[in-house]
Every structure is written in C-alpha cells, then in structure tokens.
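Before anything else, here is the set of structures, which you'll find just below.
Each of the next two complexes has subunit A plus one other chain: subunit B in the first, subunit C in the second.
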Partner chain A sequence: MAKKRIGGYAGIWTDEHLVVEAARKVHSMGFSKFDAISPYPIHGMEEACGIKRSMIPYVTFGAGTFGLLGGLWFTWWTSAVNWPINVGGKPFFSLPAFIPIIFELTILFAALSSVGALFVLCKLPQVDPPVIDPDLTSHKFAIFIPENDMGYDETKLDQLFKSMGAIETKKVAEF
Partner chain B sequence: MLKRNQLILGNKTLADITEDICKPVETLPSKGWVALFLSAKTLLIFYVIILGIIIANGMGLLGVNHPNGWGTMIITFVFWIGIGHAGTLISAILFLFRQKWRTSVARTAEAMTVFAVMTAGLFPLLHTGRPWLDFWLFPYPNQRGPLWVNFRSPLLWDVFAVSTYATVSIVFWYIGLVPDFATIKDRAKNKFRRLAYGALSLGWRGTARNWSHYEMLYLILAGLSTPLVLSVHTIVSFDFAVASLPGWHTTIFPPYFVAGAIFSGFAMVVTLMTLVRIGIPQFKDYITIDHMEVMNKIIMATGLMVGYAYASEFFIAWYSGNQYERFVFINRAFGPYGWSYWIMVTCNVIIPQLFWFKALRRSIPVMFVVSIFVNIGMWFERYVITITSLHRDFLPSNWGQYAWSFFDSAVLLGSFGMFLTLFLLYLRLFPAVSIAEVKPVLHVGRKDLEPSSGGHH
Partner chain C sequence: MAGSQHKLELKVEKFVASANLKTAMWVLIALGVLSFIIGLRSPERLWPAYLTAFFYFSCLGLGGLFFTAIQHIAKAGWSTSIRRLSESMTSFIPYILVTGLILLIGMHYLFPWANEEVVKSVPLVAAKTGYLNVGFFAVRLLLFCVGWLAFRYFIVGNSLKQDQSGDVNLTHKNVGLSVGFILFFSISFTLFSMDLLMSLLPTWYSTIFGIYTFAGLFQSSLAFLALMIIFMQRSNFVKGYITVEHLHDVVKFLKGFTVFWAYIAFSQYMLIWYANIPEETEYYLMRSQNSGWIMISMALLIFRFIVPFLALLPRGLKRNENHVILVSSLILIMQYVDIYWMVYPNFFHGHVTFGFIEVGMFAGFAGMFLYSVSSFLSKNSIVAIKDPRLHEAVNHHVTY
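On to the complex of A and B.
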C-alpha cells in the first residue's frame, strides 16, 4: 500500500461499558484523531467519540433521485422518441406502466451508490491492514490514539488507560 | 410489563459466541453434512442434465401446450421467488421494527433468499425457450433500429424487479457478512483461510468511525429493501393480474401474493432452521424454541391472510355476476383440477391451524411437518392459479389439460438440488449466525449483563 500508516498508543478493554467511558474521557480531554475499535457497533459509542452523523443518506438521496429521473427519461425516450411503437393502442408515453421500471431503478441506484459511499468513506477495500489485536473482532475493545494527535504522551496515556480499566496497553507501530 | 425471555441461552460470553459460530467454518464437516451434500449435489447434476436436454430440445418436453402456455417453469419460479421473501422480511422489515430476535435467524434467512432467487431466476430465462437470446430482455443499443423492449409489459417489469431484487439482496447479505469475515480472518490459524477470509472481509477493522457509516448503510439498505421486496411479488402478481383472463384478472392479487410469499418463505425458514439446529447443535442456544415459535406465529397469521384471500376470490367471483369468472372458480374447486385446489386449501389453511396450540407451535417435529405441508401447499397454490385459469377459458373449443411429463417432475425436483447444494455449502463456508449482530443483543433478558447506568435499550 502506498498510503502511509501512522503509529500510536492503544489501550485494550474487555468491558463494553468501560471502553465507552474511556472514549468519552479521551474525547473530553481534547483528542480528536483517536478511534475506538470494537467487534460490533456499540450503543452510545458515536456520541462518546464525538463522531458526526454519517453522510451516506445524502448519497442515497442523490443516487435515488438520479435513478428516478433517469428511469423516467429512459422509458420516455425509448418508447416515445427514439422508436415509438403502437402497442395495443396505448399512448407512447404510458407513465403508469413505466412506474414499476422507474421504481426499481430508483432502488437499484440508491442501494448500490450507498454501498459505494461506504467503501469510499471507510477506505475499503484494504489489503491486509495492520490490526492492534486479533481479538478486537471477537471479544475485546480498544482505543487507539495516533502519535500526531494533540497532547500525545505515551506515559500519560498509559496511566489514563489503566485508570479507566484497560487490561492491556501497548505501543502500536502502525495502524 | 412483560419480562423478556433470554434471546441467547447458555450464559455465553462474547468469546463463546465467536467460538460457537466460527466453529463450523473451521472444522471438518460431519458425516451427516457430507451425506446430505453428496445427495444434494447428485440432484444438482441431474438437474443440470435435465436442463441441458430441455435447452437442446425445446420447451415442448414439458407439459406446456395450447391453451396451457405457462406451466411448471412459471409455477416453480413463483414458488422459489416467494420463498425468498421471508429472508428479506426478517433481515429488513423486522430490522426496521427493531425486532431483536431477528439477529439469530437473519443471516441464514437471507442466504435462503439469495439462493431461492438464484434458483427462481433460471426458470423464466429457460421458459423463453431460447435462453441464448435472453439478453434481449434488457434494453441495450442494438442494430435492429434500435428496437427497445416493451416497457408496458408486466413481464418486462418482472425482469427489472427480479434482477434488482437479486442484486440488492446479495449486496445487503454481503455487507452484513463483512465484519464476520474479518472475525474469521483474525482467528485463522492457517495461511489459506487467512488469505481467503481476509479478501472477503475487504480489510474491515471495526473502528468506531467505520461502524458509524456501516450502521447507517445497514439502516438505509433495510429501508430500501422493504419497499423492494413488497414490489417484487406485487410485480410477479401483475404477470397474472394484468392479463384479462378470468381467475387472473383480480385486484386482490398483489397483497394476496405478498402474504403468500411471506407464508411460504417462513415455512421454508422453519424447515431449514429445524435441520440446522440438528446439524449444528451449538446453534440451539442462538436459534431457540422462542425464535421458532415467533416464526410459527407469523406462519399462522399469513396463512390466515391467504385463507381470507381464497374466500374473497370466491365471493368476488359470485358477486361480480360475470359468468366466466363464476365458472373459473367453480371449475377450480370442482373441475378436473379440483384435487390440486383441495391440496392447497388443506395444506395452507387447515393444517397451520395447529399452531393455535402453544405446545404444538413449540414442538420441533410438529413445526417441521407443518412447514413441509405449507411448502407443498404453496407450490400447489401457484399450480392452481396458473393451470386452472388457463386450461378452461372463454371458449369450450379452447379447453385442454396440462400434459404433465417426466420433465416437469424432474425440473421441480432438480431445483431443490440446486438450492440445497448452495445452502449446504453456505453452512460450511460462511458464519451462519450473524456474529456482529448477535453480540449486541446478548444482554437481552439477562440480569447479570443489564447495563448498570445510562442504558436505554
């Protein structure tokens, strides 16, 4: 991978509630580039980390609108403009009959673009990214503070994590 | 207030959940699985040969004739598409309704959706008779004008509905699988497994920022899948209802088809889950009797809706005063295909009434047998709708019987080979319960894990 990864310091917890408390504390201390790692989405973690609402819904709305208008345009252009064919005396532009097509295209564009937005926002796919601890996708939780964050100090962080109930702290070469 | 039952039994820890669900993927298969897989695969090979013979010789090998232009291919297509609907109902609609019990069954139900839609999708493609020209179904610039497809035709709506449904279902299912693939990758002891599941996991690491986007996407896909799944069977019903044939031309078809689809789909989920519980015993703690009971209640509710639709159709046929309409329904129940009608009514309306009794809807053998009957009944429902309406329409000189042949039976049977082969492979290769979705509901009904402060679940 061409992209440079950054090192930092991490604490590891085994209790969901303690890690949320720790994230809240770290956030209130002014750290802004830190991230919390968990095997499943934790209720209340976004607020604790100060993460803003995802922008995916705007992508969904935009792509859905594109699918709707695109479907409307395409059914009209093919059936009434490019080669109008009389089918059973129905109007060339038979809007009610085109609604199922337009609807399906709306859903298709909205869904696939939203997934595309997730890939862009989460920088997926990544080839074998470094992990802090293999149990973080199973039963452990971590907070990682990159070394370029404001007020980064390993000894202080070590004390802080341990006082918040971390079972382990470690220096991370790259994340 | 009603006390909640524990959703996950056995006082599990988070590590236990990972261990239980990843185990089937990481160990060698049992003899039972191998036996089932070899049988299913043999049936699949038989299916491939039968389809090859049909493609080489033409649709005339099946019982289709004049006036029965639609037969086993279309009946079985609607049957399998309907089965798929329960998976999307569980994964999307119950998600929107915040039904926490869905987490244990959502993954497998959705796998069932994907495989059922794949099985179903072949039928209309083959029914065209010249499947090598099936790309004509899609509007693309061509040298014949360009001659575009007829967007006014319900059959074309179906092309768009089913292909969109297949695409969105697969994507929704895969997005759900990504964090679990990462779990398997991180546990992997050997290089190949690490490589394969690492590639499938797309490098997912579960940071809070990523989960935030992920949960939003999951909500959106659930929100998009909900109208989509309702639209799919609505449009399948339009294939019939938009035609002016008595027995097909009814406004009740869209809701009636959707209710029937959910009914048959849940029956298939119950059939498969009873078998999964036997095959992978540790899943009994995740897919509990409570889960099965809830699904049986849905089977009964949708079964009553279907029963209401049958009655309503008869009433409207009489009330319409239209002699053709009246004839079709009398012929449906008492004509040459009356036996199929009564199989349908017995399996779909009468037998599920057993679930009024709590002991019966919590009994695994009873629900297994009932779900098989519902599956049979729902195949016959499509048979009744298709064949009894076509075989005697307006003019007696235009009447005829469907000429059921060996190939009709072979296609129907073989499609199960395809479905079961895919499903059995899925059970071995993919985490069959959603690890990342089950963990957040671990505390439900458990005093020792209830959040001590500030929790509002």
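On to the complex of A and C.
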C-alpha cells in the first residue's frame, strides 16, 4: 500500500482488567481515534472505548429486502412475462415454487453485503495501527493513540499509561 | 470485569405465588372442569377441544425439558440462571400421563381408525391397523409418558440435588442423560404427534409432520420462557441472576425458531403443492377451500411468522420487556391456532367451530399448567444456585 500508516504512542498491559480501565480513562479524556488491541474479545471493551453500534445490521436488512423484492420481480418477469412456460399445469406465476429462489437471493444479498460493509467500515485490507508488539496476538494488550488525535502529547501519555499500570510504553513510528 | 459491574446485587428468595395468581389458577381449573362436565353431554364436541388443549400444554411441558437438555449438551454457561425456569415447565409432564389416559376414553370420537365401521369400509385405513389400533396406541402413549417422566426425574432431579450438595459430577452426568433424552424425544415426539394429530386423517401422511409440530413446540416454549423471565425480573424474588441479557438471548432463540417454523411449514406445503398427489393434497384442500379455513391458514403465515419475525428483528426491541410480552403472547396464541388448524378441519363437516367448550378446555389445562409450574417454583430455588457455571450466567453480557 502506498498510503502511509499513521504513527502514534502505545501502552502495553498484561492484565485485561487494567486495559479496560485504561481504555475508559483515555476515552473520558476526549481521545476519539484511539484503538485498543487484544488477542481476544474482552467483555465491556466496546463500551469502555465508547464504540457505538455498527451500522452493518442496517446494511444487511436493506440488502436483504432488495434481494427479496428483486427475486420476486425476477421470477415473475422470467416465468410469467418474458418467457412463459407451462410447467406441470401450474400457473405461470406460482409463488410457492419461487419462494426458495426468493429466499436464497435474500440470503445471498444480505450475507455478501454484510461482508462488504464490514470491509468498508473496517477499512480492510489496510491494517491500522502498525504492528506494535508481536505478543499482542498471544498474551498482551495495548492501547494505541495516533498522533493526529486531539490533545496528543507523548510525555503526558507516557505518564498516563504508566500510572494506569502499563508495563511498557513505546513510540510507534509511521511507516 | 469492568468497574460498573462490580456492584452487582445478587438475591434469591423463595417463590410465593401471589393471591391473584392462585385465584386465577383455581378459576381456570374450575372453568375447565365445568366445561368438561358440560361437554360430556356432547362428546363429539368435547374431545377435539380436549385434544387441542392437551397437545398444546404437552408441547410446553416437553419444550421445557428439551431446552434444559440442549443447555446441558452445549455445556452452556449463560443459561444456568434461567435453567430452573425451563425445568419448572417440565413439572407438567406427570399431567401429560394423567390427562393422556383420560384422552383414551374419547378416542372413538376422535380417531376414524378406532371405529369398526370406518376400518371395514375404507381398505386404506384397514391396511394401517397394524399400527393404528387402540391397544398399541395406548401402549405407545404410556411408553412415551413413562420415558419422558424418567428422563425428567433424572435430569431435573440431578439439578435439584446439586442445589444441596454442589457436586460438579451431577453436571457431567446430565450431559449423557440429555443426549439420551434428545434421542428418545426425537422419536417419541414424532410418533406422539403422528398418533394424536396426523392420524385424525388416517389416509393422509406427511414425513415432515413430526418436525413441524416440534417447531411449534419449541417456538411456543421459548415464548413462555421469555414471559417467565420478564415475570421474574419484575417480581422481587430474584435480583441480579436473571437480567435483560438472558431475556435478549432467549428472544434471539425465539426469533430463530420463528424462522425455523416457517421454514418447516413451507417445506411441508411446497412439496405437497408441487407433487400434487391426491393422498397428500387432501390435507391442504381441507384447509383452503372453506373461507374460514383459508383465513386461518393465512393468519398462521402472517401472525406466526411475518409479524413476529419483523417485530423481533431490531436489537432494541429484543430487550424491551413490554414488546417481548406482546410478541410472546402473540406466538402463544398462534400456537393454539396452529394446533386448532391441525385438529378441527377433520370435524364438524369442515366448518370452523369455536366456542365455550374450546375456551373452557384450554382454561382447564392452562390452570393445571400454571399450578404445576408455580408449585414447582415454590418448592425449589428459582435459580440453580450451586451450578458450577453460574458465574458465567451472572456476568453474562450480550455484545452488540
């Protein structure tokens, strides 16, 4: 990727309770672009970081509705309008026979759009922030504050992280 | 856990049925007995109503045990604090045996294959008498009830024993027992619904019928469980153990099985519609040619699937108690309509018939069901207090 990932300052913890507390503190101080990194989901973390509900469910619902109506229209148009064929003496527009198709299209559109929306909202495949510590995928937790966040000050952050029980703090350079 | 969750207040008290609930129970039971006595004068009217109500509450009782069993098999932690509520529903199972034996009296009014003349005149029915005969029917009914009672005795019994001893092995034992129950239940409930509902029209058959009735059973049981959770949250007997998080997960289950019911109902309908074989279409013709029945068939589609599905879709509404009460009540009503829809077209020359006897029989069974559930809860702790996974349920938290 040609685009530069933004650098910042990170604190590293080995206790999940402390990192949740730290996230809550950082959030209450007004930082809004920070990220908490953990090898597994932590209960209460999304609330501590002040993360609002994702909009993916609405995308899913909208795309599912589109698939439903689109499937209904398409089966009607192909079987009753554009190329009517008598199948077993049933009416051209036989809803029971079309429901599986409509259902599958609903699911297909809903599922693919959800995945698509996830990629867009998470800005995948770009990984941000850069790798801070390889142990963050096994037993350590981190809070990363990018340097473009409001009130970014490395010395203050260093003190803050240490006072919240961080075992290590480090500057993460942009790359 | 996060700071806000440290100050959890936990409390369980003994459940005491309020005076209003007790009065309501006895009024319902009295109404049932009264309508049964009145109904004995016109038995052809009484027994279909009896069968409908009997099947409805058998489903709720068995649904409680089924829910309990799948929680044990999945080794679920989140549901341990509400498991006792589903266990309390199983206390209706002994009543299935007793009321099932009473049903045997009315068999000749219900089942065409139990009538000599029908068997003699219809060769297709006569060919099925190897399975559909009074003696074997009674034996099967008895066998199923005894099996369910035995599994209930061990699975719920182990859970109650754990309240005293706190022995972790009881939890392990229940896993094996639950596997056994599910295997037994899948066969016994399929045959139970075939015996009681499908054989009302002995010339008709559907291989998916047992799954169809099971879908209704589980959907209605979850709706009742959701109502019990809300009742317990609003009462003062228990605090901290049963929360909106548990309600949310049960309602997710409820929504899932609303879709499952529609899926199975449609599967049954579409294959019969497509194949268009007279032995099979008979069933749907009876439910679509008369203007009353077509309305009820459409009502099932709309109020048993479309409305609850859309109403349970948004997250916020799954956590809204008043909303869940409305939707669960709708599902419980539609479960009655569904069983009514399976039973009644076979009687009264296909006319839609509903009156005091139907209401009275339902009330009588409802009274018995509420009595069995509330007496179970007042005898035992509302929460499985020494379950080794209880801490998971207390800290249960549904993420976005």
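As a working rule, the second predicted complex is superposed on the first by the 170 of 175 C-alpha atoms of A that agree within 3 Å, B and C clash if a C-alpha of one lies under 4 Å from a C-alpha of the other, contacts with A are read in each partner's own complex, and residues count from 1 in each chain.
Here is the rule we go by: contacts are C-beta pairs under 8 Å (C-beta built on N, C-alpha and C of every residue); 3 or more make two chains touch, one makes a residue touch a chain.
Keep in mind that this is a model prediction, so the values were computed, not measured.
After superposition on subunit A, the partners subunit B and subunit C are seen to clash. Set against each other, subunit B and subunit C touch different numbers of residues in subunit A, with B touching more. Look at A:P57: by the touch rule set out above, it reaches both subunit B and subunit C.
Of the two partner chains, subunit C is the only one that A:R24 touches; subunit B does not reach it. Residue contacts after overlaying the shared chain place A:E47 against subunit C, while subunit B stays out of touching range.
Taking chain A as the common frame, subunit B overlaps subunit C at a single listed stretch, which among 115-123, 277-285, 295-303 or 331-339 is 295-303. Residue overlap on subunit A between the subunit B contacts of one complex and the subunit C contacts of the other covers 17, 41, 43-44, 46, 53-54, 57, 88, 97, 100.
The touching residues of subunit A, counted against subunit C in their complex, run 17, 20-21, 24, 41, 43-44, 46-48, 53-54, 57, 61, 88, 96-97, 99-100.
Residues of subunit B touching subunit A in their complex: 13-15, 18, 139, 145-152, 156-157, 160-161, 164, 167-168, 171-172, 175, 179, 182-183, 185-187, 198, 202-217, 220-221, 224-225, 227-228, 231, 235, 238, 435-437, 439-440, 451-452, 454-455, 457. Interface of subunit A with subunit B (complex): residues 17, 23, 35-46, 49, 51, 53-54, 56-57, 60, 74-75, 78-79, 82-83, 85, 87-88, 90, 94, 97-98, 100-101, 103-105, 107-108, 110-112, 114-115, 117-119, 121-122, 124-129, 131, 134-139, 144. Subunit C meets subunit A in the complex at residues 1-3, 5, 266, 269-270, 273-274, 276, 313, 315, 395, 397, 399-400.
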